[in-house]
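Below you will find the structure I want to go over with you.
Which chain is which? They are A, B, C and D, in the order written, and residues in each are numbered from 1.
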Amino acid sequence: MDHLMPEKPLGVALIGTGFMGKCHAMAWNNVATVYGGARPRLEIVCDASDAAAHSAADAFGFARATTDWRAAVAASAVDVVSITTPNGFHREMAEAALEAGKHVWLEKPMALTLEDATHMAEVARSHPGAVTLLGYNYLRSPAFKAAEAMVRSGQIGEVLAFRGVYDEDYSADPSLPWSWRMTHEGGGLGALGDLGCHLVSQMIALMGPVDELTAMTQIAVPTRPSDSGPKAVENEDSAMALIRFASGAQGSFATSRVARGRKCRLQWEIHGSDGTLVFDQERMNELWVHRVGDAGFTRHLTGPEQPEFAAFCPAPGHNFGFNEQKVVEARDLCSAIAGATNVGPDFELGLTIERIIHAMASSHGRPVKLGK
Amino acid sequence: MDHLMPEKPLGVALIGTGFMGKCHAMAWNNVATVYGGARPRLEIVCDASDAAAHSAADAFGFARATTDWRAAVAASAVDVVSITTPNGFHREMAEAALEAGKHVWLEKPMALTLEDATHMAEVARSHPGAVTLLGYNYLRSPAFKAAEAMVRSGQIGEVLAFRGVYDEDYSADPSLPWSWRMTHEGGGLGALGDLGCHLVSQMIALMGPVDELTAMTQIAVPTRPSDSGPKAVENEDSAMALIRFASGAQGSFATSRVARGRKCRLQWEIHGSDGTLVFDQERMNELWVHRVGDAGFTRHLTGPEQPEFAAFCPAPGHNFGFNEQKVVEARDLCSAIAGATNVGPDFELGLTIERIIHAMASSHGRPVKLGK
Amino acid sequence: MDHLMPEKPLGVALIGTGFMGKCHAMAWNNVATVYGGARPRLEIVCDASDAAAHSAADAFGFARATTDWRAAVAASAVDVVSITTPNGFHREMAEAALEAGKHVWLEKPMALTLEDATHMAEVARSHPGAVTLLGYNYLRSPAFKAAEAMVRSGQIGEVLAFRGVYDEDYSADPSLPWSWRMTHEGGGLGALGDLGCHLVSQMIALMGPVDELTAMTQIAVPTRPSDSGPKAVENEDSAMALIRFASGAQGSFATSRVARGRKCRLQWEIHGSDGTLVFDQERMNELWVHRVGDAGFTRHLTGPEQPEFAAFCPAPGHNFGFNEQKVVEARDLCSAIAGATNVGPDFELGLTIERIIHAMASSHGRPVKLGK
Amino acid sequence: MDHLMPEKPLGVALIGTGFMGKCHAMAWNNVATVYGGARPRLEIVCDASDAAAHSAADAFGFARATTDWRAAVAASAVDVVSITTPNGFHREMAEAALEAGKHVWLEKPMALTLEDATHMAEVARSHPGAVTLLGYNYLRSPAFKAAEAMVRSGQIGEVLAFRGVYDEDYSADPSLPWSWRMTHEGGGLGALGDLGCHLVSQMIALMGPVDELTAMTQIAVPTRPSDSGPKAVENEDSAMALIRFASGAQGSFATSRVARGRKCRLQWEIHGSDGTLVFDQERMNELWVHRVGDAGFTRHLTGPEQPEFAAFCPAPGHNFGFNEQKVVEARDLCSAIAGATNVGPDFELGLTIERIIHAMASSHGRPVKLGK
């Protein structure tokens, strides 16, 4: 078995009850259903709205509700804190949880600024007993895991090149109102922070460290309507980069939040000396594989030969879903808490991801060297 | 809102802890997480193996474990019974549950024989206060619901034709040992009972009642190895049929358990006077639509415009999964128990499905008239 | 080499200068360019319109133009006659050509009625020195040839089942005016004659002889506008059939000329004990193959490993086109004239195809036995 | 009509009888068959091998054969010269033809070196009565033309971004012997010259002029076997670039000759403010289109609504082929000779393409400014 499950129930606090809060709640409800081990105790759920907190407690099965996240983080019954609040709260909450001796499951991106992320990694380093895990859920899908395993075991030979994009169109409509999320101070990076970081998380898992990159960014819709008239969008709608990996391989990278018709187009291909892999998250249950001697590309449907899939369903072709990625993530978190050491990305690796996307944002077409 | 959720918690018993038992358990754990309403009480789980029952109770979050399904069914704290045992047990368990005044959630196919299904429908009819729901999970997916809504609202005009297949390859390997599932007495129908009934469930939801059909069946692997030498396979490896619907539309139908490379190929298309729909469960998050004036077929990715999807995720293109169909099914069951009347398939409709697949099995190339 | 090319130039007459007339002309211009051998002499082109005939002679490179098809057929410089006129002329022209000692390349379907086709086959039989070839061009594509070779060489094991459709939407619009093509007398069969015969030509090439079939037909648009008001459509808009092959394999078959959005959906799959093949003419350069042990279906792009492709292009993935099928057909005709015996379908096989589609048209849901 | 056809026959010389020579020959044989106008006179074909020249004359329908390309170019009966020889001969032959007062149809890439291309453009400029056309055949496909028209007519709004690749795997096998084509002197550029120039030709047709680019190249297989032991590969196996267009749009670009499993993967997408287009030459008969308000991406199959397609076939979905692109190219050449001014790429535009690929080859990760 490639994971451990805790023998004693973990006490859970959940902060934030929106899209990702519900997603964490589903995962906490089913991680033991799927993987066994002690079922977690859902202790406390927190939301800025009292009504939302209580409603979530009832619906999600948490014992208590609160609007005081500090109390939730501090509660003695709590072992692990799920943080699913807007990015601007990440640093404060995560550091408080670590300092209270809790494990932390934090949604991405890690923080608004590179400075914040750097500090968070320091705090994590100073609490070596605490597990940190970032919510890069696309790392957990069966097809991605299969790709990772194929690359690592040399099934496509020496890796030569990566080509990756992550496009959505949630900001494509120019009549979409201006929001604080479109400012550096309120939202941090734009497409790179929302989408690009996911692609980076997969890219470095598959390709290893980045040595140097050159990037450019674009603001496709420079101003957006607000109650006080048009206001400027500060962060990027899209970005493109060339990558040199430490291995000597090369890569291209692009992300956009204004790509009409794209919904979850996290798509990449890897060229190896002996084969090629192709993946698209919009068809997350398929990995396309060509290896030397094959007559073409073969569609590998996810199935029980992948451990991530098998725990949910013994029948191949019976699609794995987006939310189930989060159950695998919860399993990985539990496994790390139970002592496994093969789990990530923790805050250290998260900081590496932040460095890469911030380097892209500040390259302006000039090469940027990445440190170790 | 198109569904109701119970205000008081439902007490749940689960019989069977295999593939579908776990699937029901995941659904019971998350139906309220996703849809709100009172969270169900997971009262008792039953398996023929005491160890399996206790292990499932721990993992799935049930209060008690038992090997005595009659006790589970009779327990006063239990309002609804999930039955996920082999088909040969369906009739006895479902009837006992109904007679104990419980609601019943029963996996498909309804029963081994048409006689059993007929009797079960009679028992259900005599307990009008009990809700029955059959586990035709593919009816619950967002893309199927969207297709159903498009057909019913006339978006493809008058419906002319249906072409459907459901193929897998789980029996394709001729070295697969003989099993009691391959006999009429032990397994009932073959591919028609395992797979074909799912396709029928979708076909009649989309096309309305069947008036007449002509079918033929095939046993591709006539004998299979057993400890006592080769033994005969009795039930069909595949079947094909022509259908006349009461509406005047026509259809073709095929199913196989020996279709090499097919994993969950539940695939159909509908031709209407004003458009065409195409679906394949192996890509369950896509519905392909062509309507008059369109330049081609358009890939509709599932997304939050479909209520089944929206409850799980606000982001389009973030794939819905096989197991989540079962959460929708649990919601529908809860909704029916709370008084909704638009839910099915109940045992009455289940009997209609059984009549159709048994008519296919006994047609031998001659037309068979279906009663109303 | 699997074909012969004539050493002396063949004298060619072409009757009909529409869609298929031009297609034959392109083929006659390039058959030697592609395959070598003596370039044919383009002697005479015939059209009912004198202007069209002369214009075609200039554009297509024929030496002479005429409106008198009997003169064209009788011309001493002519060795082979391409007949691309409306179906109602096929019998008279083909028989005249045969009786004049010419080889005949005839577009499908062979004739309006089964009686005509039967007589034509008799005339062909009585002129054993004349080569007859029917324009079933889809038999000539590299992907189809590859499929045929895989089936015949046992690469998918014992063949169990065929599922085929051929759908277009050229008659889907109910405002399309009534025409004589929609009558039995003027047009013969409907979708079966236009489309279904192509699917039959592939089906029997892949599956061998048909033993018995049951079919039903449908007229989706019963009347159509004409200058004298709505007039009845007599021939079928669509048909569906179940097939029993002499080999014991089973098949399903469907064709429609009213399938919205379908343009050249000649699509089939074959299930074998050791593999599955899937093809769709709308993507005519792809054959999808799964064989025992494969991880999924593999997309085989056409390429120079197929002799039909190699003669046109040495580079794989550089798509073969519809019209090039016709050049391969011209090659096969030349090869047969030069003495090759492995070419078809001749009028004998054409008659078999006619028998099958006429049996479908007259089945009305009852089994029809096909003779040898 | 968007093209002109000559009223008098053009006299044609063809130099080179390999892959592209045959392709030109097919085009010359059918350009008038398809488009009308005076049929060209196929005067003389030239090959270094006398046997090949004579064999080609017979097969392709040329009146004479020669091994003396200067004689072919000088022949008074010749109006236009097709040059399909290895790249190292392009400059000498093209300039000789121009100086003999002939029109020139030249295969790509234009020349081995930027200096040669520059000189060729000068010679062309000094012979303004001669038409030059480069064989960028992928510009001629119906789907590409449709994309170009959609972009130019504003159907996807303001163009924001381009993402393009052209990958094949003809050099992926490391045991492929060393050849002079892999040297700067013998072969010029590597993947950029073979493949990348095609992608550039489409990119600038769709996106307009390039202002600046940054690129990097890679030699995946540094040495290859030769009779005298391993020898160094000098030109690039792959390249990647970031592009700034003069319009302000941005682009990413990649090409590889070592991308396992890719056969003709000339694939791009364009993001506009109001829509997205996606194309892949391996499925050259499909253009995928999303526009504001669409429910997803729609597959546009090529059909007679595209003039390039209509001339070949009136039936949609009946695939256009690779070689037919060359017939369109021949038509464009004829049209330019007849006086049309909307045709290209001529040597001037060809030089622009050369400048771009050479800038990519020499960027080494630093920004390179392109002149006008």
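Keep this in mind: a contact is a pair of C-beta atoms (placed from the backbone, for glycine too) under 8 Å apart; a residue touches a chain by one contact, two chains touch by 3 or more.
The structure presented is a predicted model; accordingly, all values stated were derived computationally and were not measured.
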Study note, to complete from the structure: Chain centres computed over CA atoms; the one at greatest distance from chain C is chain A
Exercise for review: Check C-D against A-C and say which one is joined by more contacting C-beta pairs.
Suggested key: C-D
Exercise for review: Would you kindly tell me how far, in whole Å, the mean C-alpha position of chain C lies from that of chain A?
Suggested key: 54
Study note, to complete from the structure: Between the Cα centroids of chain B and chain C the separation in whole angstrom comes to 42
Check your understanding: So what's the Cα centroid distance for chain C and chain D, whole Å?
Key -> 34
Review point. Among the residues of chain C, which are close enough to touch at least two other chains?
Key: 262, 294, 296-297, 301
Exercise for review: Provide the residue numbers of chain C that touch chain A in the complex, in ascending order.
Suggested key: 289, 294-301
Review point. Residues of chain A touching chain B in their complex?
Key: 19, 22-23, 25-26, 29-30, 32-39, 55, 58-61, 168, 262-265, 281-285, 301, 303, 312-324
Practice item. Report the residues of chain D in contact with chain A in the complex, numbered from low to high. Key: 156, 160-161, 163, 165, 167, 172, 174, 212, 214-216, 218, 220, 238, 240-242, 244, 250-252, 254, 256, 258-262, 271-276, 290-292, 294, 296-297, 365-367
